[in-house]
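What follows are several structures.
Two complexes come next, and they have one chain in common, chain A, joined by chain B in the first and chain C in the second.
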Partner chain A sequence: MAEWHAEWYLSTLSHWLLVGAAMIGLMLATYAVLRRLKVRREAAAGYALILPWLLGFLIWNAYPFAYSLYLAFTEYDVLQPPKWVGLENFKYMFFEDPRFWPSVKLTVLYAFISVPLGMAGALATAVLLAQDVKAVGFWRTLYYLPSVLPAAATALLWRWMFASKGLINTLLSPIYRLLDMEPLMWFADERLVLPSFVIMSFWGIFGANTVILLAALKNVPKELLEAATVDGAGPWTRFFKITLPMISPSLLYVMIMGIIGALQNFTAPLFITTPSGAGTFLNVYIYQQGFTQYKMGYASAIAWFLMVLILILTLLVMRWSEAWVYYEVEVRKKGR
Partner chain B sequence: MKRAKVILTVWLTALALVLTACGGKSGDTGGQTGTSGQQSGDTQQTQEKVKIRLATWAGAEEAKELQAVIDEINAKSTTFEIVSEPIPADYYTKLQTMIAGNTAPDLFWLSQEYIASYAARGALLDITDRLAQDTRPAANLDDYFPEILESAKYQGRVYGLPWIAQPVIVYYNKALFKEAGVPEPTDDWDWQTFRETAKKLTNKEKGIYGVAFNGWPPVQMFIWQAGGEVISPDLKSSPIDSPEAIQALEFYNSIIYNEEVAPPLAVINEEGFAELFKKGKLAMFFGGAADDLDRVEGLDVGTVLVPKGPKNRTTFAWTASTVISSQTKHPDIAYEALVELTEGIHNWKIVAPRKSLATKEHLVKSEPRKEKSADTIIKATQEMRAFRVIPRQPEWDTIFWEQVQDPLFSKKGSAAELARAARPKLEELLP
Partner chain C sequence: MGLTVRRILKSAFIYACLTMGAAVVMVPLFWMISTSLKGPDALFTYPPEWIPRPPIWRNYIDAWKMLPFTRFLFNTVFITALAVTAELITTSLVAYGFARFDFRGRDVLFVILLATMMLPWVVTLIPSFLIWRRLGLVDTFDPLVLGAWFAWGPAYIFMMRQFFLTIPKSIEEAAIMDGANVVQIYWHIMLPMIRPALLAIAVLSFQGNWNNLQAPLIYLNTMEKYPMVLGLKFFEATLSKEAPMWNYMMAMSVLMALPIVGLFFAAQKYFIEGINIGATKG
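Up next is the complex of A and B:
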């Protein structure tokens, strides 16, 4: 499609340039106005510089957030203006919708199973990568690769691996033969949908989490470990009594981000077809209600439910973390 | 003080510039498809042509063919210039967003299940009266197949002109029939001979199956063939638990995912659906008349009418219409463009949903690659019909799938139980 449409090209280009120029003008004007209002030079420059971002945030984030909260209390099919229905959407969601609770159950179970397993895996990988081995840079790059691949591509890859005659079943075929059983159908079997997604989530072990934990491991003070060794502590004791507490803040971070990410699982389940909608995660359900059923009001209500769910779970984890996360600073304060 | 005023003026001007620059885009889509040479020459005319925007789901190839149709129409018109805006992905999402944002295209395509829904919500222009005064052939409603035209109507008023009616026919792989020693199907076959044929052709060891169902072909077609309805003509009931409907649901269920005659779901999910036929792994496939299944390289494919049911041989026709947005600023000119465009598309797409155009000559002229199957297609048009739709069709379809078909096909209940349980829920959605 290398056709040249001068009119279209130039008009689009001029629009872009115009927006850019106007934005600069707006920033300069903001600066000038703030200076007139006797704002410090530094602060005025700061406000002027964040103006494009601020406008973007207000128009593309803050406004949609607020609007979706309003929509959650309406019936809105996009074609007609939203109609206020009060708590109707929430009533339907909690008490009538036969698909809502199964979706919540799937999403929460997935988060509770996949996050701890994923953290354990990420930690194990990080410990391995923290060793002094040859070409450590190469290994670290290699293990980071999965998070560089686009999610849609990995979803298709896993669908293929889980196929009835795919890689996983081929690998398992000696076991099937030994146990004299039918090959598992994975995503095609309703009962195996959740385990299949959990197995698939191990893909996320490698990547950002490993890197964060690796950095945390490298930050554990050598002298603590050496002192423990001198005192006769073995490798396991050192790991559980020193390393783990020292990296616990990073573990907390990984856990919270993991829970949020798991509850928002979207791309993979959207690409993988499962029987009877057994793989409908909450986020996918929101998408279906909003963009295939055109119930934007109901979709917004579920989205806000998901937000509150994430908020509550995050707060619970934060609360619980006080029991196991160790912050050097706090202990010092208490000790004083 | 004076300086503050100047600054304020600059500020406001800049803001206005940003706003106009952002907003300008949507109104000025005129240049998007690059008006071809002859139009730019016409701009000297006393009256400038009105730009009529047309949104379609056409993919790259299709959009190119459509552009050729449009170019010809634009060249002839002195009042309008149709500007094509193809949206091959997320068509309905984008369309709804444009309507919500008051930037709806003047004309757009809607497939049959959406027209009642859009019309009921006031998004479409009622063209009944304009059509009544129009003598052009494409505006002559009597020429349209009535069952097809029905899909463009809502409460007796016409909201669009159907541009295609693609009846389902059966494509079959001649080599697989020969291999299995089964005689090729003929137009007088029925459900029983069809199922027996499929069974004889299935060879699980070789991964070859008689036919494949997965919700397509629509179960409605079989219900009609048994003499039943899923939505009654007066739109007051959904008799999916009638003996006729149950018979059809049970017949459908005896084929879908049943390895005696058809591939299981896992095989379809992994290897594709129509792809199975193209790969030579299916002996028969229910396809739309315009599908490319009869010109797959290396396959010798024949076509035959769908098997006859207990009552008749009705076949489902996939139908779509071009409609006019109720937001259009030029309703009269948009209507002009609609009729001309419909005539143009009727000479391009098959099958044009008009009785006078349902001939072999016209079909082959529009699509020469279909010559081999033309006879079957023309015969199929005589017994085709579209869905009967209601404003809440998307919801109706979801319940019909999730609470009747899907559980039935995954063996979670009998047709009678499921249909009886779902009927009141479906009827709640009727107007």
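Up next is the complex of A and C:
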């Protein structure tokens, strides 16, 4: 290795100390100024305490949020100042860009297939683990392990598993021979990119969800289930009429977080090369447009599209959930 | 009699399902480690060789030396340490403010905070990049760590606030009666009580920073400044040009995963607590 370049680290370290000291100084100053302005002691302390977040929100959320909306209507290559082009970016995105719609399709289908599948797997596992299984901790750890792995490592592992002569095809080769078919190419086959990503995500996601759903299952009141048994309800009735409604808020949480996460899939696809005809995940596409092609305006337009898409899909799921999520509080109110 | 037979059958069924699921989970992990210990000619054997004979431990050393991985590791530790420290300090202060102090606009601000959790990071990505670029700090570590002073990670603030809410107010009230000020109460009373939450967030935030690919990918250009993830990406891109050397790639993936898996075993309670706080109290 050539040089150690201590100055790289020292300069960041000194900036880090400086910003930290400045932040604490600003908090104290805010408190002093507000007190001088006759603000109540409690309120002044509150404002001072949330100051880091408030500043962060203004600098790193609110301003970038507004500025990227502006950029979405411009052409901007970083070197020249942004040029206003009106709706050009959106026109190109919706009607001309051959890679846009395949990417939307891949991203949305991925979210809507992988999340329910992962939930079903997690729910089944959680139900099994809730049956007074010995050494629950051991099983839980085992199932949780894949979701701890860095996405980069998981992606490389599955690329290797799905390689043309990888483990999956080796294990499937008797079946291939039996059916007299060519081995599947998985990530290299345009039509199999989506299923391959879904299988990979299934392996990685359901551990964390299992933990959440298991905790929810443990919270279902035993008296309710016992009362139902006394009334003659069988195990299936108990599960569908009592357990499932009782854990429905957790299911909704897992579903919404899962969908938001899946729509923003980034690290794994960046490690996995797929044929261009299959499209790519929107986040990756935005990154490519913005930071390898330097079309910052167009990238901002797609980013805004993704945000609106996430918003709409989340709202739709919430709306739909009103039909099946059960909140204890509401029912109690109605009962009164 | 029938009842016990049924019970035995039922538990046999449960354990069979659990074991099968566990096999599905563990086989890829096992395959990753097994591949990392193989020579290049043992990679594609049929039937697959599960336990490489002999295991080639040198793969780890050889792969590590192909790129400045020691430097990558140091960079990761440096970035993670600064970011997590700043994050813990500011997150706990902000959460304390939201949980315990009454001020005008608090609830609106908290709803805004929750809303930012839904905001996709790509939306703010380009303007943030432009800010750092104007500051002349692209290709330094600054963009990866300085933002942590602004209590980034709204989910952590939320978790921490939920935790503060579980602490009875009477504890501070006694201290207020004794004339203690906010700083004293925070330092002497709150900090010791929120230790479990701090640890949970430290663990999650360590994991997040360790795995974070987006920010380094966008801000760092010089290879010697890369953290492990980006090093792994670069390694993958270099190796994929020729026949991919899967044994080396798996070796580096194992090393990338090792600290997180180790942390997970050491602090499992906090991982599980962390994800559950968000789910059940949300």
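Note that in this section the second predicted complex is superposed on the first by the 315 of 336 C-alpha atoms of A that agree within 3 Å, B and C clash if a C-alpha of one lies under 4 Å from a C-alpha of the other, contacts with A are read in each partner's own complex, and residues count from 1 in each chain.
As a convention for this text, contacts are C-beta pairs under 8 Å (C-beta built on N, C-alpha and C of every residue); 3 or more make two chains touch, one makes a residue touch a chain.
This structure is a prediction, so every number in the text was calculated from the model and none was measured.
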item: Dominant toucher of chain A (residue count), chain B or chain C; value: C
item: Contacts of A:Ala29 with chain B and chain C, given as first, second, both or neither; value: first
item: Touching partner for A:Phe291 - first (chain B), second (chain C), both, neither; value: both
item: Which of chain B and chain C A:Trp320 touches, first, second, both or neither; value: neither
item: Partner chain(s) touched by A:Asn283 [first = chain B, second = chain C, both, neither]; value: second
item: First (chain B), second (chain C), both or neither touched by A:Trp158; value: second
item: Which of chain B and chain C A:Phe112 touches, first, second, both or neither; value: neither
item: Contacts of A:Phe240 with chain B and chain C, given as first, second, both or neither; value: neither
item: Partner chain in contact with A:Met185 - chain B first, chain C second, else both or neither; value: first
item: First, second, both or neither for A:Thr125, with chain B first and chain C second; value: second
item: Set of chain A residues, in rising order, touched by both chain B and chain C; value: 1, 5, 8, 11, 15, 19, 23, 78, 160, 163, 165, 273, 291
item: Residues of chain C touching chain A in the complex; value: 10-11, 14-15, 17-18, 21-22, 24-26, 28-29, 31-32, 35, 44, 46-48, 68, 70-71, 78, 82, 86, 89-90, 93-94, 96-98, 100-104, 106, 109, 112-113, 116, 118-131, 133, 140-142, 145-147, 149-152, 154, 157, 182, 207, 210-211, 213-214, 217-218, 224-225, 229, 232-233, 236, 240, 244, 246, 249-250, 253-254, 256-257, 260-261, 264-265, 268, 271-272, 275-276, 278-280, 282
item: Footprint of chain C on chain A - complex, ascending; value: 1, 5, 8-9, 11-13, 15-16, 19-20, 23, 27, 40, 42-50, 52-57, 59-61, 63-65, 67-68, 71, 78, 124-125, 128-129, 131, 133, 139-146, 148-153, 156-158, 160-161, 163, 165, 167, 170-171, 173, 203, 207-208, 211-212, 215-216, 219, 250, 253-254, 260, 263-264, 266-267, 270-271, 273, 283, 286-287, 290-291, 296, 299-300, 303-304, 306-307, 310-311, 314
item: Complex contacts: residues of chain A adjacent to chain B; value: 1, 3, 5, 7-8, 11, 15, 18-19, 21-23, 25-26, 28-30, 32-33, 36, 77-80, 99, 160, 163-166, 185, 187-188, 190, 273, 275-277, 291-294
item: Chain B residues within the chain A interface of the complex; value: 3-4, 7-8, 10-11, 13-15, 17-18, 21-22, 24-25, 28, 31-35, 60, 90, 93, 96-97, 99-100, 118, 121-123, 265-267, 269-270, 394-395, 398, 402, 406-407, 410
